[in-house]
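Next come two complexes built around chain A: one with chain B, the other with chain C.
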Partner chain A sequence: MSNQSVIKMGSEAKGPLGKLRVTLARRTEGRAVGLFIIIATVVTLTQPLVFTAYQVTLGRIALIGLVALGLTAVILMGELDLSVASTLAVSGVIMTVVANETNILIGVLAALAASVVISLINAFFVAIVGINSFIATLGMLFALRGFALVISDEQPVKLLNVEFGIAFGQPILGPLTPRILIFFAVFILLQVFVTRVRVGREFLAVGGNRQAAYDAGIPVKRRIFTGFIISGGVAALAGVINSLERTAADPTAGSTVLLASFAAAIIGGNYLKGGKGSIVGTLIGAASLGMLQVALTISGVQVPVQEIFIGGILLIAVITDPSSLRAVWGSINTVIQGLKNSRAK
Partner chain B sequence: MRKSRLVLAPAALLSAAALVLTGCATEAEEPASTGSTTEAATEAEAETFNVYALLPQGSDQAYGTTYLPQMEAVAAELGINLTITNSQYDADKQASECEIAVAARPDGIILWPAVGDAVRPCLEAAAAAGIPVTVTNSDLFDADKDLSRGFSGPDTYGQGVASAEIMCDIVGDASVNIIQLNGSIGNSTAIDRDNGFTDTIAANCPNVTILDEQNTDWTKATAQQVASEMITAQGLENIQGIYAADDSIAAGAIDALEARGVDAADYFITGIGNTFMGNPLVAEGKLDGTVFQSSSWDGGNAVRLMHSVLTGAAGAERQLLLMPSVKVTMDNATDPSVAPEW
Partner chain C sequence: MAKESLTQAMAIAKSPDEAKKEVKGSAAFVVFMADKGIFVFTAILIAASMTFVDGFASLQNLTDLFHRAAPIGIVALGMTFVVITGNYLDLSVVAQAAAAGVILIAVSNATNLATAFAVAFVVAIMFGLVNGIAVGYFKANAVIVTLATTYMGLGLLRLLSGGSQVFGPSDGPIATFGSSKLGPFPYSAVVLVVVAIVLTFVLSKTNFGFMVRSFGVNEKSTRLSGTNTGFIVVGAFLVTSMAAMVGGFVLAAFSNTAVSNMATGFDFQALAAIIVGGTSVFGGKGSVPRTLLGVVFVSILSNVLVLSQISYGWQQVAIGSLIVFAVTVDALGRRAGKK
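Entry: the complex of A and B
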């Protein structure tokens, strides 16, 4: 049965449309592009403000997408980093506390340094001790949440240099704020790293077949350490940006970031078991999700309904995976064949 | 081809649903003018305002389930097209929603701060765009108040005062030792209620001694644990009463007492909220008194305040619309006027 479908796809690949369809199906981000086009069309028809106030939409995409970009580094290797939400919170608090005592630059460096330590601990438990990354980073998620509350004395920490924080949230290049520019800079750096740099390219090999990666001489443990440092570092950067823009660090921040980041990565076609995915896909996933969220917010749709939409988009992203489709189609055929056989008897 | 259908069908279905939903939202925003005269239509148009309500909760929380319907009902009555957001107490999400609201250029923004310290950039952006902001439920910090046109919501200090007055009334002239269970550390409502309670106890009934005070996270479970530890530390025989900053906390403290094999009705206990959890305890006599906080009053008056600002009925000065702190004791606990709302 599966042979039949392969022949069909081949025969339909004739002509520019067929070729485009096959290309979209082959690329991991192909389905993400399809979803993006559908969402963009619906949003254009119903809420044009999403595009006319594009700097606001870009800001929302950057808010969701920054953490998702870093997260993609570990997802490509088949690992998870649930601690990004707490890393974001604790980094914001560290930056603000240190900046209030010294200056903002030292505060930012302290936050990034803390994220490296957090990432090394995560990677140690995953790569050296061999604990499942879901469990190891779940523990870190709780531990860091508590740590953020302890060092902030369980209350938001106000940034003393309020003027700098307010200025940081203003556009500096046309309508683009530092958050949006940093987001695109991180995207370009990670895209180049994962596609052009050997170490980055090996992330996919580690995620695809770990034993084969070992056999090929790839230092898998070192790659896991690198992936977690990228994931934690980018989450810390997001925490620093959030705290500067809000002129305060909230120790409970990041409550909605974790799921949104994973959603962006999954919508972007990244395979949670690793070996399949791309940074471009995550960017497209974040853009789809950001546009949808802004449109639903403008429409006044309440959070539970918004969650139904985001869940629906996620489900579509998952079930339209070619292997899932093959499985579904195979099951349907089995049922039909069973019915035919029972009638024949 | 079949695969394409499988891919496109759910996506198209979702898109259609989104179209219907956003279309519904747009439809609801349009005033019903069919059949009215030109003058009436012009008048109705002149009285219609577009307002964003940036809230940290909605129908996903007990308070919001009665806050929102009243807010929407009053908005419909006053000709206000409301767009309501819910940041789920995430300051970053609320900041993003504020950017969207400012970009949409509404006539006004009603703000319930998710995190009080983090709203200044939002207030400044609204001020720069000439959009008036009123605050609901939790007021701003003093340094930010000049960026808003008013506040409506519970008088959190007054609630602490009312709870203390109930305590003073039931204690009388007796010398009593109590323990105090506050809300979460740094929370402005917890701080205001604490100040209102302790100031009033010191002024009205100095015969009440506060042996110890501890913070909770507003939940019954944590309150029970904290109260139990405080009872152990102070000795059950030395404690005659408990002040709880919230009815859920009071319920936890009552459970902690009863776990020691004593009857909570024998103790002087006051709370705040008159919630679905607190009101029955008052009726049973386990909780001596609480203070009514009406979520429907809160939601409705948030819109009324904004309407008065937009129509110019409010003066140039910052407006304050404080919820009356009605005391609820066993005498009036079953009155329909103080029926719990959340």
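Entry: the complex of A and C
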């Protein structure tokens, strides 16, 4: 349906101004770009160190953005995966424990395998049982948080192969560390997947109108499984990278990542009811939040204040959604109408 | 006027429930479990704990159980309103209860008890208004909104309190309240019962409670019958905030100390109690006494897990799985009832 209206607008568009209008109407990244420009301007004026130390900034953006990119795949279908924070913790712990017994490669594979199992459970409850994904993954968030504590014996697990962990944190390609390279690789893969691959395009159709997608022959349930596997797998990747760089796995990790990555995905213009959004938007959202965090840290702002900032941005992001603004405008209109009617009487 | 038309609307909405009674076989069992299962499970749990768990049936443990159940129970009773409107849950009760506790002790240390109550009340109203307006008028997702307000609230609290623990005077009124008992029942359990009675009355006897339930059943018909639906959502979040405030008071009074992370885990324990009690996360179905029963179940379960010396991690796994299990039963019951 939304597709049709876009095509119609395209046919009406004339001249460069019309084309610009069409582009603006089609794109969902408006708020992310706005926030990015504001933060970039303020940061350039007050804390140019953020750009000089771009390696730190890129690292922070990759930290926030990786989980957010995976989340975007699920949000495009109108679902949500709250359990990513615990998936990150669990996979980090599993990787470290297994790597200490055998070697790093098997550890990483075990962590990714665990994330697939978690995603399958999530998707089973959402697609087959039919529970709302907000509640199903919330239950999983708590259960897995406990599970991470169980396998780690309720304390951080040290990685025995410290040399590899330290080497992993070093730049390997110019100034880029493996974390940043993996982040860009995931970004490119997902961007191509969502915009160029049929399965990825169908995510948007599932999110836009599930019944219509089903009638058009899209295997909706299989797409939901794919989406959850992407979000879970990417979260596990983030958990593995975190544990390698810090040479230890923290079973309580992920609670701060949860907030920042949701903020990045939602400010990126990904519509929570599904069907609208883009991977690029998430990237811009993550870049804005990453710059903000680094700037605040460099300025010596305490962690609680940073949480207030990011919480505030998430709140503003979720209430300045186009449909939210329309809802408020609707109720204001109703009040105005009511006043007019009462005056007419 | 609005109420009459809504009564009709609800009667129509209820008709699938009538059809439920004709369901036979395994579907009937699922419907039964979704509706009445909690009574069976609670009875089994109590019987099993009394027989198999050492030290469960002692008076000391009973008092202890009430002490732990009361704060979470009060929060859960209030949150029932938000769940019934179909807005999932209020995650920010963690920040709200902690804020109320810290304010109660810190402000009453600095000035007096009345000022502390007043400040905590204002803070609770602020939380309720921000959550309620964002969800009710901006139609934002409740999980995301309350996630944001949790972090903002906890951040502010940690900033203002310096993240350190505050202690009340050992002979002050708060300490006296926290350690007093009425027979085997600590005062906190009495507060729990009073809150339950008040909220049951509000939900089942007042116009506001009626609108909350009607909103959960069918938002559109409620709006079309002339109800200010945004206001109903704000009201539901305000009830939750008030309950979270009282829960925070009771929690702080029990130990006579408060710290910004003292209510960690309240969000999902309260949610577990609500869902296990049989209040539906799809909205519209549920009641305050049901949540009270859910609180009894979840508290006994955690108590038994602690007595059996099961690690904290496994306890979290158990309660998380319990939420998923209860929602699954609810979803299956709904589907079986429709067929």
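Here is the rule we go by: the second predicted complex is superposed on the first by the 278 of 345 C-alpha atoms of A that agree within 3 Å, B and C clash if a C-alpha of one lies under 4 Å from a C-alpha of the other, contacts with A are read in each partner's own complex, and residues count from 1 in each chain.
Note that in this section a residue touches a chain if its C-beta (ideal position, glycine included) is under 8 Å from a C-beta of that chain, and two chains touch if they have at least 3 such contacts.
Small disclaimer: the values here were computed from a predicted structure and weren't measured.
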### Message
For A:Ala216, using the defined touch cut-off, is the partner it touches chain B, chain C, both, or neither? Pick first, second, both or neither.
### Response
neither
### Query
Of the two partner chains, chain B (first) and chain C (second), which one does A:Pro304 touch, if any: first, second, both, or neither?
both
### Query
With the two structures laid over each other on chain A, which partner does A:Ile106 touch: chain B (first), chain C (second), both, or neither?
neither
### Query
Which of the two partners, first being chain B and second being chain C, lies in contact with A:Leu17: first, second, both, or neither?
neither
### Query
Which of the two partners, first being chain B and second being chain C, lies in contact with A:Ala185: first, second, both, or neither?
neither
### Query
More residues of chain A are touched by which chain, chain B or chain C?
B
### Query
Regarding the shared-chain residue A:Val117, is it in contact with chain B (first), chain C (second), both, or neither?
neither
### Message
Once chain A of both complexes is superposed, is A:Ile166 in touch with chain B (first), chain C (second), both, or neither?
### Response
first
### Message
Quick check for you: in the superposed arrangement, does A:Ile319 touch first (chain B), second (chain C), both or neither?
### Response
both
### Task
Considering only the touch criterion stated at the top, classify A:Thr252 as touching first (chain B), second (chain C), both, or neither.
first
### Summary
Both partners, chain B and chain C, contact chain A at residues 154, 302, 304-305, 312, 315, 319, 325, 328
## Note on the structure
Residue set of chain B touching chain A in the complex reads 1-4, 6-7, 10-12, 14-15, 17-19, 21-23, 25-26, 29, 58-60, 82-86, 88-93, 95-97, 99-100, 103-104, 115-118, 120-121, 124, 184-187, 215
### Query
What residues of chain C sit close enough to touch chain A in their complex?
88-89, 130, 134, 137-141, 143-145, 147-152, 154-156, 158-159, 163, 230, 268, 271, 281-282, 311-321, 323-324, 327-328, 331-332, 335
#### Entry: Contacting residues of chain A [partner chain C, same complex]
80, 82, 125, 129-132, 134-136, 138-150, 154, 251, 258-259, 262-263, 266, 272, 302, 304-308, 310-312, 314-315, 318-319, 321, 323-325, 327-328, 331
### Query
What residues on chain A touch chain B, complex-wise?
5, 8-9, 12, 21, 31, 34-35, 38-39, 41-42, 45-47, 49, 53, 55-56, 59-60, 63, 153-158, 162, 165-166, 169, 242, 245-248, 250, 252-257, 292, 294-305, 309, 312-313, 315-316, 319-320, 322, 325, 328-329
